[in-house]
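The first chain written gets the first letter, and so on, giving A, B, C, D and E; residue counts start at 1 in each chain.
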Amino acid sequence: MTLLALDDLHVTYRGGRGDVPAVRGVDLTLAKGRTLGIAGESGCGKSTLALALLRLLPKSADVAGRILLNGEDVLTMGWGRLRAVRWADASIVFQGAMHSLNAVHRVGRQIAEPILLHGDTTEREAAEKAEELLGRVGLPAWRARSYPHELSGGQRQRVMIAMALACDPDLIIADEATTALDVMVQAQILGLLSELVTERGAGLVMISHDLSVLSAHCDEVAVMYAGRVVEQGPAGAVFSEPLHPYTGALGDSFPAIGDPAARLRPSGLPGDPPDPADLPGGCAFHPRCPAAEDRCRSEGPALLDLGDSRRSACLVTQSRRSAARAAEETA
Amino acid sequence: QDDDTDRLMIAYDQELDTFNPFKQQFVISYNLSLLAYDTLIRTDAESFAPSPGLATEWEESDDGLTWTFTIREGAEWSDGEPLTAEDVEYTYDLLIENEDIRDWNIDFAGNLVDAEAPDDTTFVLTLEEPAPNDILYGGTYIVPEHIWSGFDDPADPTANDALPIVGSGPFQTVEYQINEFIRLEANPGYWDGAPGFDEIVYVVYSEPDAAVAALEAGEVDIVSKLNPAQAEALENADHVTVNNAQNRRFTSLNINHRAATADGDGFGDGHPALRDQAVRTALHTAIDKEALVDRVLDGSGDPGVGIMPEIFTDYHWDGGGDLVEFDIAEANGILDEAGYEKGPDGIRTMPDGGEKLTFRLYHHADNTDYATVVSFLTEWWEELGLEIEPEPIEMGTLNDKAYLGEYDIVFSGWGVGPNPSEIMGMYTCAVLPTKTDGTERSHENYFCDEEYDRLQAEQKLVADAAERRPMVERQQEILYDHAGTIWLYYQNNIEAYNSDKVANLTPQPADGGMITGQQGFLWAYHSATPVEGSEGSGATAASDNPTATILIAAAAAVVIGAGAFLIARRRRATADERE
Amino acid sequence: MSIDRRPAPAPVETAAPGTVAGALSARGLHVGYGLPGGRTARAVDGVDLDIAPGEIVALAGESGCGKTTLARALLGLERPTAGTVTHNGSPLRYKTKALKAFRRKVQLVLQDPTGALNPRHTVYDAVAEGPRIHRCGGDERERVARALSQAGLRPAEKYFLAYPHELSGGQRQRVVIAGALALEPEIIVADEPVASLDASVRGEILALLLRLRDEAGLGALVVTHDLGLAWSIADRIAVMYLGRIVEQGPADQVLTDPRHPYTRALVSVLPNSPVPEPIVLEGETPDATLIPGGCRFHLRCQELASGAAARAGVDGACRGSELPVLRADTADRAVACHLHASGSE
Amino acid sequence: MTDTHTDSAGPPASPRALARRRRRESAARFWAQYRRQRAGVTGLILLSAIVLLALCAPLLADGSALSVTQATGGRMDPPSAGYPLGTDETGRSVLALTIWGSRLSLVIGLTATVMAVLIGTVLGLTSGHFGGWYAWIALRLSDWFMVLPGLVVAIALLAVLGRSVATTITVIALVSWAGTTRLVRAQTLSVQARPYLERARALGAGHWHQMTRHILPNVMPLVLASATLLVPTAILTESALAWLGLGDPNVVSWGSILNRAWSSGAVSARAWWYLLPPGLAILLVVSAFMMVGRALEAVLNPRLRGGGR
Amino acid sequence: MTDETTAPGPRREGPGADGEADAGSEIPKATTGFGRYLLKHVSGALVSLLLVLFSSFFIFRLIGGDPVDQLTGERPVTPEQREAMRAELGLDQPLALQFTDYITGTLTGDLGTSFQYRQPVSELILDHLPATLLLSGTGLALAVTLGLWIGSRAGWKRGSRYDRAHTTTGLLLYSAPTFWLGMIVILVFARYLGLFPVNGMRSAETPPDALSQAVDVAHHLVLPVLTYTAVVYAGYLMVMRSSVLDEAGSDYLTTARAKGLRDDEVRRRHAVPNALLPTVTLIFLAMGNIVNGAIVTESVFSWPGLGRLFVQGIFYPDLPVLQSLFVLFSASTILAVLCAEILYWFIDPRVRKQ
């Protein structure tokens, strides 16, 4: 069953120095019990997308399109309904646990807050639930009485996860939930997250810039570039056999150890990440694209289905695929 | 206190130093003592002449050394005990025998040899040297022996702190709140007749403006030391009567004519030019005292001539028509003639062409009138080709400089009593300092003159004003001509009272005299009576009933608050839906 | 300049460090930070390390293990509590002048290029700062332009007057590197040089380091917590744990065949790791103020926990006997683990 | 982030000349940002007007307007054609007094601030940079001055030092440097901790180089903003001191005018024309400085700047 | 955006260290940390206090002038009287002895005897303290409540009409000299409207029963408190506003919103408590301003409090009173700051980190 469906989502930040189209037409769907990874480098619109899901963007952001959560459009909801949906239906784990926790409240209280708000429980029950949740993420119950600063980064991130689970939401959005953490801790948290999701059958949106991490933990991966999804498909396939040059480059940035091709040969993309306020015409990736052709400069590619439940927004790949398919057909 | 109590509310701005009448220095303490106690002889309300107090009669022996007083019968202490000559003897014995008290009052007490009360109504005082004026104007407060003999140390300033004060005068202090008020209750059995008011309350108003507002609002009945603007404002109030009374004090300029010790050793750093009487006279000539009175005091005062202000008609010297007249040109002429040529910058120099005539002019930093006077003086004197450097200085430092001789021209001023020898004694050679460290401070501006001293010794012994007057006048003339001190003006004491509430305030002296600041006895407060049906009138409605104001204000606050709250709620209802 | 001509002091160390000209070495290096309450954080606790020109050494380890401290100590920015840093065989002296001379030869590149550039200085100023401090003389403009183009910012003139905020992260890091190159150093110490850069940009910077090594014979110590990065550029790798190097050797060998349990654990959690099962370490976060006795890793060691150490009969040694400092001059690989008691092979 | 550097490519001019141009450009950028602060612009206009007025005082009302002997007005006359704002108790024009008063009030405010900022910057910079016992003493001292009640100290010092414009300035500077020291120190410490100082050290930079090339330029803007906010405090302190009767009564500043008004009974006389102008003048100048200072802070301190997240 | 010159940019956090199961063994040991924290701040405060104690003695000795002159006013004094008075005031002793007497006296609570009032200074202070506490207490409470309340709303809705109206008003009031505002208030409310008394704390005429006295004091209190509050609240408004602004973009607020809290709940429960923290210290740090305000307000309204006692003492100069009040004022600010620091430990968990 479709839990989340984005339909041509656009987000534009209106500002003094012109508009920033941070998200430019994204279509995505996510079913219950599945994990969707969103990859892409800094500034490509990942967080904007995440915030848009619960309409948490600042006033300066214009949102267009549709966000269907359990079939209901988040963007047209009344504020009261929206508040009810928030956290109870979908919760978010933000990147900076350091700043996403309120420094002056004990963590137990912060976890209990949405329970009290959305459920019909007493403070006591909420507090017990909070302690239980802490246990679920591997923290002792007495940690509920700690203040955020008394916890390490990984512990804080776990508190955030516990908080996200507080109202048994259908959808959990993890926006760079592990970026700042050590590899060891990162592995723990990612493991914990996917475990919890499968266990509960909730949907998980996992946002990261590390494609290799996503491929290891997600069912499906969408790669974003300059506010658009440029490639989408089953995680393993996207990583091992990218259909968009950008995906390839991103994958190569995280070399696999033992892969002699990567040894003493670091690979990266020439040029700089795009400025969303000043995007090049045509395919936004063309200035950095090793395979760019002339038409890439003028023609904006659409995200097309290329079979095997994979989609790509690269003209070159698309034509190659269709050529291959044509060849196959003729063959 | 029920509310029919007739209270005379007096604004005052000074703190009280002590309730011990032998140790006090402050005007307010002096007033409280005058109200609480009696003296043997008091100065009358007419013209400061000695008149009977506790003593109905007195007699001086031929050698002037023995004085016999007849003590009034029937006088009582405020606690009901009778007042007898014993108490008088006790009081004078304190002055003679208690070393501390004697030292404190040495000018007067140093001359006392013996005090004796042969019977309940007779008191005999023996002196070492004749000093008729000291006795007539000396004003010793007679204290109750039955109370004072219980004090451990009567010289202690806090000895007499127990309230209510027991005295024989018309009002005794019963309550004192520092920096707020002093309350005195009338002595209904006062021998000179019960006072017209039941209570006097001195209320602290350290800002004159506040006192003025209070008088207008009817919160206070008598206000003094007003400035012209305040007086003008009060004259517009129907219930207020302004009394622009002559005062007892003078304001003068002391010129460093030569700071020197009794031995004649000069010290300090006074400008040499000022030793020249011509320069001093030129300075004097370039002061328009009329203008100062007009412009600074708004006419509330008189140009200064000599030590004794105009209020003391017996001893005031008017110069006999031979006064220095304001004339810048003449002053310039004097300086030219004396050889102080102008330099290229227009500033005169010493005749030898050396030092410029640059004078430091020190004035009291806290007195804005002085600052204005300084502006005038500076502008006039600069027209003489002098360079004036005015500098406001804290009183303490200013005195230090004055007594160290480290000044050129400095402001000064004294309150003067009816007996001229007291203040004039400060100009005698006898009080010149013996050291140059500035610690001996009995003299005024290092004046010393043989003739002056001779006259001083002579007039001191003369009790009769008519006989004494020419000598005192001559003394003032000597000072005037010397021009070491220039008397600028006698500033009036502008007072105002609530004439809807108070009547029969006897002024002292009778003609143009003052209500506050009286000498020898507070005639005004004793004679004052409440105006019929005055209770509650004169005050504005609002301040009359503070409760009402508060209630109204509170109600208004509640209404406004509630309104604001409701509006806020309504706003919130919509704000809910936004972020 | 002068440093080369100064007579070298008599060798003090047994294992004469820095036999290669221009090599930067640490011998028995200890750095401690005094903390309130009289505790000391032994951030670097006995390290031997050599970096030769023309060689890229990666220093890896988890957060707080002392990588940055070691790097700073190598640059003389931190005074060691014990041990020496030698350059060209002569021990580093901490006099202002000596340090200044030393820093012409050894340069630093920091993690965060945004922070490493003064926002009020133009690119030109930032790159020219070193030559100006050292009064290098010559044509400053020329020198700056050369350094910039060496760092891959071409044409250099285009970037002269840009302010850091006008540049992308990768460009900024190149400016920082150019600033170091302007002094023509022999060795660069780079502390997490790409950690704050976008994934796709990293490769470029790393490639630059490799190119400088190949073309200019530059030596580099690259501090990182990303083993994949070490794989892409390092000739040798040193893995650090709690102030000590626990394993070192040629990068490909160490990473494909990690021997120390800690290194194994680090490698195991990577995607597509050569170690089959992810090993998630148990136990408290290492704390530089409380270094356990025995093997400093024993509290978290999976080999000890799983009983493998006991089976090998070294569990007592793990808990009780300290391991010697890994010598830098040992041949290929070195492991500080009782299970690999020979230490090297 | 626009590539502004590209348009300056052109024929290679000398880096120095170009740097100057860059500086001009960044000044222009600063101005463009400042211009967006409406209150700041209002404040700036107000301030310029007042400064202009102060400078032109001799033209608007010649010095004789302050002469008591030549004053022609009556005692505290209400506003009239000859005296648009009435007269004071010696018959001088309140308007002229207020105009002339602006000079001293501004001079005292500015000089005291410059002194305070100078002391504060030097102490803060050196103590932040060098540390050690010197910093400890400087810090303790500034902490001490910081917590002492300023007016109390100022009153006490004025009583000791005597009254003159110079002492007033000194005293105000003495009670206000501590804040700057703390600010500069904190800022120095934070700049000190930035990687670019580490980089400079690694490049071999000495203390002087670090302080003058890196720390000071980064501290200065904040110092400038805080100095702008110190001026109003200084002006207010001066006026309070003068009003309490601790100023030099022989000079004309707004505070001393109000002191004279107060002690000559203007409140009793309901001489609002005597009370309002100097007070309003203080209010205007102070709020103008505050507006400018706050705008500067908003432009220079990005923490207050950003909207959104 | 142009160069980020000032505050450190958002620094990327280093990888946080993390431990696994830290089973309920140890609860963070806050107490020892607090001990050290307390010791550090208390000792700092003590040093400051000692400095104040020493300096107060010497500062006021420098004023110069023989207090006897002031005591005797414009009346002639005999050398004997002068000597007696000097002896009584203890001025005849060598300075060193006066100093040791002063120190031992102050430490044992004997503050000497006022020159002016001939009363023990400690009694004088106790007499005047309630008035000051009443005025500044009421004023401060009002100012803090008003300032924080308005400030938090203005900051939350930055740029709104509410914000602009209140910041402008606040700015103007903040820019008005206290004494001048007091004079104008007197002019309007007392002189023209005659609504309130302008002087002192109570009328001598008021019946002594508690209610009338209280009403009377309240009546007198209105104008001074109005003036005081008007000038002081704006400071708190600005501080609170910018503090809320600082918090406004924080991620934890987005989290709070994501949880489904209402806008004003987010403000009240999350933004304000965090924004209050820096403000609380500022409130205490502003003790100096409170003293300044008290001095000026008390002087304008002849309020019988310590501030006015001090100002009057200066013109005297009443050394014992000045010394003691200087120490008292400074000590109260120093202690207030100390309190703030201690309080901070308890209310801001972040402080306990070190």
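Miscellaneous remarks
Here is the rule we use: a contact is a pair of C-beta atoms (placed from the backbone, for glycine too) under 8 Å apart; a residue touches a chain by one contact, two chains touch by 3 or more.
Note that the structure is predicted; figures quoted are calculated from it, not measured.
The fewest steps needed to get from chain A to chain C, moving only between touching chains, is 1. Counting C-beta pairs in contact across A-E and across D-E gives the higher total for D-E. When chain centres are taken as C-alpha averages, the shortest distance to the whole-protein C-alpha average belongs to E. Taking the mean of C-alpha positions as each chain's centre, the chain lying farthest from the centre of chain C is B.
Centre to centre, using the average C-alpha position, chain D and chain E are separated by 23 Å.
The distance from the centre of chain C to the centre of chain D, each centre being the mean of the chain's C-alpha atoms, comes to 49 Å.
If you average the CA atoms of chain B and of chain C, the two centres end up 87 Å from each other.
With centres set at the average Cα position, the gap from chain B to chain D is 45 Å. Across the assembly, chain A contributes residues 152, 182, 184, 188 that each touch 2 or more other chains. The multi-chain contact residues of chain E, meaning those touching 2 or more other chains, are 1-5, 12, 14-22, 63, 186, 191, 251, 254, 257, 262, 299, 315, 317. Shared interface positions of chain D, defined as residues touching 2 or more other chains, are 1-2, 26, 159, 194, 218, 245-246, 262, 267-268, 270, 307-309. Chain contact summary for the complex, chain D toward chain C: residues 1-6, 8-9, 12, 15, 18-19, 21-22, 26, 194-196, 198-206, 209, 213-214, 217-218. The residues of chain B lying in touch with chain D in their complex are 207-209, 212-213, 226-230, 232-234, 291, 295-296, 298, 365-366, 368, 371-372, 374-376, 379-380, 390-394, 397.
Those residues of chain C that touch chain A in the shared complex are 62-63, 168, 170-171, 198-207, 210, 225-229, 231-233, 252, 255-256, 265-267, 269-274, 278, 280-281, 285. Chain E meets chain A in the complex at residues 12-24, 27-28, 250-252, 254-262, 269-270, 273-274, 277, 347-350, 352-353.
Per the touch definition, chain A reaches chain C in the complex via residues 41-42, 152, 182-184, 186-188, 191, 209-213, 215-216, 246, 249-250, 252-259, 262-270, 272-273, 288.
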